[in-house]
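The data blocks that follow each hold one structure.
Here come two complexes built around subunit A, the first alongside subunit B, the second alongside subunit C.
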Partner chain A sequence: MPKCTINGKEIEVKDGSTVIEAMHDQGIHVAHYCWHPGLSVAGVCRLCMVDIEGMPRVQIACNTTVTEGMKINNTSQKVKDAVKWGLDFHLINHPLDCPICDQAGECGLQDQYMEFGKYDPEMAEKKVKKHKVMDLGPTVVLDSERCILCSRCVRFTKEVSQSNELGIFNRGDHSEISTFDGQKLDNNYSLNTVDICPVGALTSKDFRFRQRAWYLKEGNSICNGCSTGCNIKTYFNKEGFFRVKPVYNKEVNGHWMCDDGRDLYKFVNRDHRYLKASHRQESGWSQILPGAAAKEVSTHVKAGGEELALVLTGQYTTEEYEKIIGIFTKDLKTKNIFHWVNNKESFEAFDNLLIRGDKNPNTKGLLQVFEKNQISKTWADLETSLKAGAIKTVVVAGPENLKFYKDLDAKVQLFSQAKKVIWLQTAKHPALEKLPINSWIIPMKSFVEKEGSFVNYKGLSQKMNKVTTIVSEALTLAEAAELMAGHQISIKPDTHILTDADRPLDQVMSEHRKKNEFVFKRGTV
Partner chain B sequence: MSVVQRDGETRKWYLLGVLGGLWITGHHLIKNLFNRKQMITLNYPEEKYEYSPRFKGNHVLTVKKDGSLRCTACMLCATNCPAECIRIVASEHEDPSVEKFPISYEIDMLRCVFCGFCEEACPVDAIRLGPEWQVPGLCGDNFIYGIDRLAYRPQLKGGIQSFVDDEERHKAGI
Partner chain C sequence: MEIKLLSEHYSNPKFCELAGYEAFGGYKVLKTALTMQPQQIIDEVKASGLRGRGGAGFPTGVKWGFLPKNGEPRYLLCNADEGEPGTCKDRVMMEKAPHQLIEGMIISGFAVGSKKGYIYVRGEYFHVIAILEQAILEAYKAGFLGKNILGTGVDFDLDVYSGAGAYICGEETALISSLEGKKGQPKLKPPFPAVQGYLRKPTIVNNVETLAAVVPILRDGAAAYKKYGTEKSAGTKFFSLSGNIVKPGNYEVPLAYPLKDMIYKLGGGLRPGRKLKAVIPGGSSAPVLTAAEAEVATLDYECMAGMGTMLGSGAIIVIDDSQCMVDMLAVLTHFYSHESCGQCTPCREGTGWLNKIVHSILEGRGRLQDIDLLVKVADNMKGRTICALSDAAALPVLSFVTKFRDEFEFYVREGRSKVKGASHAQMHH
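Now for the complex of A and B:
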């Protein structure tokens, strides 16, 4: 374990770690573009300059290994000048696109320019023109002029997704990122290239032009797209959710997440949600408030016993399962609790990176609660008892993320054999309109609107916090269970509708931007 | 409202002050009656005051040579607006050299404080505050101005062009 001194502070680092890693671990800010903790070292951007005692010239921190007694400094004027001129070279051919560039506000070039640049450009030459708005594939758009050729995206497709679609073509200032002949950037992880691109060269088709980065607030959560349970950051404002990005977690997802997971923000938005509870009577569907509906339903559920069944999907939090299963077994005296498994065949599938076949975030958690309460009924039991008419009332905690529940129509028919169906559901689905007379659809809160934990495929329980509230009237599974059992509960009215409960820390990292309060205090919801 | 309480003898002699005030009013009344040309007040709305052409009134969205909007939907004006009264929806333009443009641009005139910050924030001279200032309307809706009104209202005669010549700038390699 070599010892070194960084900016006058003595620290001990891991064997073989580079200067930039040592600084990164210590939280010391160092300008860089091409280095990424999840990728190999390229050393092409020449921005991570540090002054090392005994060396005549400044060195790049990302490709220099720390040796015993090394004295490193990155605050000297020499380093600042080196970064400034490095930046000047990056900007020689860079277009003046910030007004229409999606990266503006979170752009590496803007940040470093405000920190090290602020010079008057001395270039008299015309800028080299390159391709703009290039369609790279189904998810990503490339603007070659904005690219600083850091090669992060190329290394990502080579090392992480291993799909090798991207490469750097031509030479000198005509170099451009592109895909090999006729190929498209089309893999399950393609949008990670947009995240790691330090500038606005790669932009996401889904997010393009929908919001400016500074209008968005952020909140951490856990992806409910599959049983890996990637840590995510959601971006939203009063108009809804707009994008999802991965958050580093060494144990779970590293630096990445899959493209499917990035679509999940869609179904939590208001237009995809049930806002009111619906009740189907002879005369058709009528709408009431969710809490009132759950109370109304309690007259049918309260009797409980063997005629009542509960069907659960693996898409709710462990805490909710404990509550609802507790209430059904103890208060309502039924052991008819079933696990609705969507795609049993592919449950064990794994693509060796992140994506798992079990498309429920909390199957493990559900099974653990089942075990704790000694529930052992199988799906076949449910089918036979429904057919025999032994079950008269079914409460279904439907899937939040409907994408992998293709057989909803068939399931609606199956449950319709019972006299009464109470369907707890977050996102709208046309199949539910076919529920029989005496059915209720009660809106549920989505995963970003509640606290709780998901247990992932390897049994790791991850806690998630509430991000915001979208449909304030919707219930959590625990609240619905209480109300259906006829208990009185008090629900605190939500005052933070579509704003985060506690203002997040200022996300602006560099000092000079913090000073620009005028801009960053704006965009309030 | 503040009330000034004077102490002492002068308090008793307010009548003199009242008479002084009446004298000024009467003086102007008689002057205006016999010398109507020099009257300072206007018979609004029949008579209107001529403001300078640089007066900052209702907004104008400028247009390019072909008549399309100059605005690139960068939202800097909306970010800068202290009244938060500008609402822009951006979209992808079919012409890749334009790339981004507003499909909707609305200013809520009743919230606008005519500070001109939007004009200053705009990087492409796409929004200006013009000399027009009278805005009658029957309901709140009439005061939310969209692109139709901001760029192409009849008074603008097909749109105001910017003095910045984009073609020249492109040729110069900017």
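Now for the complex of A and C:
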């Protein structure tokens, strides 16, 4: 554990730490573009300059290992000049199209400029012209002129996704990022390149031109795409959720997340949600408020006993499972509680990076609560009882993450053998319209609208906070359980509500968006 | 006076064949060297004061000493990329005496404990590659290469690898990348090649001339070699003389030889009626000397350093009064911006910027502040990058602009060269 002095303060650092790591750990800001804690050191941006006592020249912090007694400083004029010029070299050929650049507001160049720059450009020559729109693959677009050639994206595809699609082609100031001949940037982790790109060179087709960064609020959560449980940051505003990015967690996902997880924000938005409960009668579907619907079904559920069954997917929080299973076993006196496993065959699959075959965030949590309550019925038991007509009412806690529930139609058919189906569900799905007469669909809160915990594949329980409310009338599984059991509960009104009245927001933005409608569709360049 | 330690027999066409080389004592040194302890050879090379002839002038014996002292496999690479503008000595050495280099490499390989060497040859030198391959074949047949050399139990294999025309591949770590089959661009240091080089194994990279010089050093002894030159610049060195000179060519002289004599005695002086304006003493990357400086300079590492320039690869480019310095600088800035590998931002962007500014001046669009801007940009490219190409691009700019500022100012003000009738030397246009 060598000791060193950074900006006059003596600290002890981990063996083998580089100067940039040591400074990072101390919360001392070091300008940098190419260094990324999840990637190898490239040492190419030459921005992370520090002064080291006894060395005539400034050194890069990212490739200098701290040695005992080293005296490091990054506040001297020498360092400031080096960084200022380092930034200048990055900017001379930069197109500066911030007004139309998606990165604006969260751009490394803008940030450094505000800190070290604020000067007039001295570059009076013609800028180098490069490819402005390069379709790299299904998810990412490259603007080569904005690229500062930090090589993070190349290192990512080499070292992390190990898909090796990207390289730097050509030389000197004509160098450009591109994909190798005949290849596309097409892997399950491609959008991480957009996150780590310090500028607006790599943009996500899904997100580009949809929102300005400063119109978005942030909230942390846990991805519910699979049993890994990547830590995420969600970005939203009155119009809904717009994107998801990974949050570093050494124990779970490191710096990354998969592309599928990035899409999950979509089903939480109002357009995809059940806003009202529906009840199917002889005369067809009629709509009621969710709370009223839960109270209404309580007449059928309350009787409980062996004619009542509960089917749970691994998509809810442990706290919700505890509540609903507690109510069903104790108050409603049934042990007919079943675990709906969506993709049995690939449940144990793992891609050796993050993606797991169990496409539920909380299978482990569900099984833990099952064990605690000695629930031991098998799926086959459910099928036989349904066939035999022994089960008359089925309550289904349906999946949020519809993409991976290919068996939804089949399950609708299966449960329809019961006389009454009460389906608790967040996102809309056409299969549910086929539910039989005497069925209810009751809207549920999505994972970003509630707090609770998910237990991931290795048994790590991760707590998440509520990010915001999108469908204020929707219920949590716990609330639904109470109401269905006929309990009197008061549901606290949401203070932060997205309602139709809130949208469309300011006229300027919606007009601006209309103008850009042609680029607004996912998957188009 | 020329001292031909290496080039004594270069005029003999037979010297490039094994028989001819052996007739003049070739491979005798190898035979004795293989009876020595490797450390003895390293010590001898250290004692000789031999410094790398590739450009940086790093003491060769000291560099060899950086290798780890264990049995780890290691490589000896010969840098024959010879890309520094003005330099053409390695080519001649390999054409005239390929066996000298091979002998030097076997001895050096034995000394540093390497069983495998490569000669990385500049891509344009395809005829040299043919000569080397022929010579290597002869050496294998004669038992100088391969397993159990001359029954001593020593192994050394040697191969030739062709570059593809990139100047940057002469930089030792770029050379290693290229040899590994990767894009030819320098690697971040540390780790240094002596610790982790070719295929991540300890590696020594030496210039052709450095490795060949090991032969006369061991033949005559370090003391004899050190008789030539000065304490810090020992032995003889090749200089490639070019530019506005009557007898351009390669000359082997003892270090500390007066530059004046190089130009006027060996080089036959300038063309009639011409006056000396400037001299680039060590390849295009070396800061230019004014005529007055050239008059008193001696060709050794310390005098050059004292004058703020360097001996570099030993390419002396003579510039007479018919040349326009703005025009000449444009050739250089174009070269470096074309050759920058583009990894490091200051070099990638800076080389292009310098080139554009100089061309703007040449094309009559220059502003007076551009002259200071050239200095500022060049200043901030120095010492901040992965390899020395950025410095190599900056140094000529700094020296040209500061020493010949009047020519730059004249060009900006008048939109034409101060030198009457100066031809545009812009080869690239």
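Criterion: the second predicted complex is superposed on the first by the 497 of 525 C-alpha atoms of A that agree within 3 Å, B and C clash if a C-alpha of one lies under 4 Å from a C-alpha of the other, contacts with A are read in each partner's own complex, and residues count from 1 in each chain.
Keep in mind that, in the parts below, contacts are C-beta pairs under 8 Å (C-beta built on N, C-alpha and C of every residue); 3 or more make two chains touch, one makes a residue touch a chain.
Note that the structure is a prediction, hence the values are computed from the model and not measured.
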{"item": "Which superposed partner A:39 touches (first subunit B, second subunit C, both, neither)", "value": "neither"}
{"item": "Partner chain(s) touched by A:214 [first = subunit B, second = subunit C, both, neither]", "value": "first"}
{"item": "Dominant contact partner of subunit A by residue count, subunit C or subunit B", "value": "C"}
{"item": "First (subunit B), second (subunit C), both or neither touched by A:148", "value": "second"}
{"item": "Touching partner for A:201 - first (subunit B), second (subunit C), both, neither", "value": "neither"}
{"item": "Subunit B versus subunit C as contact partner of A:126, first or second or both or neither", "value": "both"}
{"item": "Where subunit A meets both subunit C and subunit B, residue numbers", "value": "125-126"}
{"item": "In the complex, subunit B residues that touch subunit A", "value": "72-76, 79-80, 90-92, 96-97, 99-100, 123-124, 172-174"}
{"item": "Touching residues on subunit A, where the partner in the complex is subunit B", "value": "96, 98-100, 104, 125-127, 132-133, 208-210, 212, 214-215, 519, 522-523"}
{"item": "Touching residues on subunit C, where the partner in the complex is subunit A", "value": "166, 183, 188, 190, 337-346, 348-353, 356-357, 360, 367, 370, 373, 376, 380, 383-386"}
{"item": "Residues of subunit A touching subunit C in the complex", "value": "41-47, 49, 57-58, 63, 81-82, 85-86, 88-90, 92-93, 122-126, 128, 148-149, 151, 167-168, 170-175"}
